[in-house]
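Next come the structures, one after another.
Shared between the two complexes below is chain A, which pairs with chain B and chain C, respectively.
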Partner chain A sequence: MDTFLKEMADILDEESVRENDRLDGFGSWDSLAVLSVVAMADSRYHATFSAREIRGVATVGDLYRLLSAGAKAG
Partner chain B sequence: MKLVFHGKRIEGLLTVLPANERLFVDEMDQFDFPRTRSLKLKEVMGYDRHRIVDGDVCVSDLAVAGFEHLFARGLLDRDGFDALIVVTQTPDHLMPATSFVIQGRLGLKQDLFCLDINQGCAGFLIGLYQAFMLLEQPAIRRVALVNADVMSRKVSTRDRNSYPLIGDAAAITLVGRCDDARPIHANLQMDGRRREALMIPAGGLREPSSAATRVAHADAEGNLRARDDLVMDGSAVFNFVQTEVPPMIEALLASAGTDMAAVDAFLFHQPNRFMLQKLAEKLHIPCEKMPSNVVEHFGNSSGVTIPLALAFNLRERVCRETLTAVFGGFGVGLTWSSLLMPLGPLAFCEMIDYPQVN
Partner chain C sequence: MDTSFPNPLDLAGRHCLVTGAASGIGRATAELFAALGARVSLVDCNEASLRALAEALPNGPHACHVHDLADVDGIDDLVRDIVAGLGPLHSVVHAAGIQSVLPAKDLKPEVWRRILAVNTEAALALARNMARKRICQGGGAVVFISSVMALAGSAGAVAYAMSKSALHGLARSLALELAPQGTRVNCIAPGFVRTPMLERLERDWDASQREAVEALHPLGFGEPQDIAQAAAFLVAATGRWITGSVLVVDGGYLAK
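Now for the complex of A and B:
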């Protein structure tokens, strides 16, 4: 989770982010940030998510659970 | 499907770029996004500058300038080829095909096989396959393959999703026969079910261009575009490329019995630096074997990016020696394809500018 929070902070251009932060509360939660999450899901979790699925979650923690659930072995 | 060809080679290559160069930092204010986010986009995607035609410059203008250069320099005779293939998504007219426009403007012989192909980012490979097939005919000794697009004319200047990355360009590739007995291996897949990932919705006969289709609307992100403009589902394209391209390249090398390490250059379509670096990581290709710098210098010119990647990065080497090259194209259709072939020494590999109109 810590690594994930750090990566999300980078993507969102923030010093740090917390599990309960709402994604739509960040001005930087735009198409570039969503694509960056799609790319992170692909490289770190070997999982494919659409932009719509990523945009469908509310908080940073929800996003972590979505990606973790979609993770494939390897 | 797997494709195999014999006894064909690329003889020479010329690229034509509009001289007009625009910088991303000068264009940021035309997008409805905070400058900090646009700068982040620039950094992540590797946007910097791109080549855009002035005014109403068309595909045939770029191609005619390229051919005139080849004729004037003695690199090609006016009647030195028997087929002219034009791969474009931005033709001069709905009809006739742009290959006929080029034939007529250049005063080429009538004994010429003119053919247009509507293909995008895999268009260099699709054009090569067509050239290889035509060269099976004894009467066709050399094919001039033109890849050209002026996509800037079909992309909204206020669409941050697409405008910063596109570029206009043309390439003329001469393809001929040779005695090399080694087979050329290729593979190809197409998927029309995902055709809406990259499209220009209006302007054809399904949805004719009208006053209504020319009006720009904001999408959920704030990108302004009309139905007449290109629309791209960026994350769908990203997932498509990362899912389909690595296994395609592995399958190509397996069917050719070639090791990754034996390949000198991986010349892939250039959507943006971000996607190419992710592909290189997945395939474990060292950066120096896989150029990813076309978009930052010239923009993404669909089917012209592979010739540009070759000419910009390897033009001296490819005129001197024979490289084992892998080409990889992926985009509109959807289409994805790859090809392994010996490349070079080429008779010429040059880049010229199309003069500014003003």
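Now for the complex of A and C:
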């Protein structure tokens, strides 16, 4: 989770992010950030997600659980 | 009175090399060129699609060459094999292309280098062979498929835009080098065309995003045949006096 939080902070261009942070609370949570998460899911979790699926989650923690579940299923 | 009129797009007797031939714009170009009488050497990394296409093409003979164009060093040998197969080339259409939509800060060097290799370096490696008499005996044509992204910015498309705009500079200078041999070099800059590449992008759009992108094209999305017909125009006798140019085929995207 710690590594994921650091990666998300980098994508969102924030000093840090927390598990309970709402993604739509970040001004940088836009379509390009979503694409960065799709690319991260592929390279780090070897899981394929659509931008639509990524946009569907509410918090940073929800996103972590989505990607982790995708990695296990893969 | 003889009322017959020769087909100005006739490519009978011409040997044309088309990259990215297994799908999209490359496939439509190969199909049209074969229908216009050309012998087509098809290049792609998708062997199954390539062979199925070659069997379906009219006229001929045609040839398949499976090659990953990111292997730029191997392109001279590829061209030599192509010429050994069907004889000297009349024309090259570089329709192969890849992209990765990502913000610049998250683009890794290996990703943009691959995009540049396939989209740009392969174009140069292929086209410079047209200067060699054993490859092209003059009077030929080169077409690079660039993109409106080379002329209008789009966030997330920096590597793709960079790779496609480089083709414009390449075409202008190579056109001057090959003009003494009568060989013409041009680009076609398509807007959004219904190809597998666009389908992959569309999967991530919701309905409103799709409508917004389509609305940027006053004439709607293009079809691969729209670009193939432009390529035939440039390659055939109709393009006799056109070189070093960029033909925009975009449904009006850049007119706004």
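We adopt the following convention: the second predicted complex is superposed on the first by the 71 of 74 C-alpha atoms of A that agree within 3 Å, B and C clash if a C-alpha of one lies under 4 Å from a C-alpha of the other, contacts with A are read in each partner's own complex, and residues count from 1 in each chain.
As a working rule, a contact is a pair of C-beta atoms (placed from the backbone, for glycine too) under 8 Å apart; a residue touches a chain by one contact, two chains touch by 3 or more.
Just so it is clear, the structure is predicted and the values come from calculations on it, not from any experiment.
More residues of chain A lie in touch with B than with the remaining chain of the pair chain B and chain C.
In the superposition on chain A, contact of A:Gly27 is made with chain B only, not with chain C. Contacts of A:Ser36 after superposition: both chain B and chain C are touched. In the superposed model, A:Thr48 makes contact with chain B only, not with chain C. In the superposition on chain A, no contact is made by A:Thr3 with either chain B or chain C. Shared contact residues of chain A with chain B and chain C: 13, 31-32, 34-36, 38-39, 50-51.
Residues of chain A that touch chain B in their complex: 13, 27-28, 30-32, 34-36, 38-39, 42-43, 48-51, 54. The residues of chain A lying in touch with chain C in their complex are 11, 13, 31-36, 38-39, 50-52. Chain B makes touch with chain A in their complex at residues 33-34, 36-37, 40-41, 44, 161, 221, 233-236, 238-239, 242-243, 274, 278, 281-282. Residues 100-103, 105-106, 155-156, 203-204, 206 of chain C are the ones that touch chain A when the two sit in their complex.
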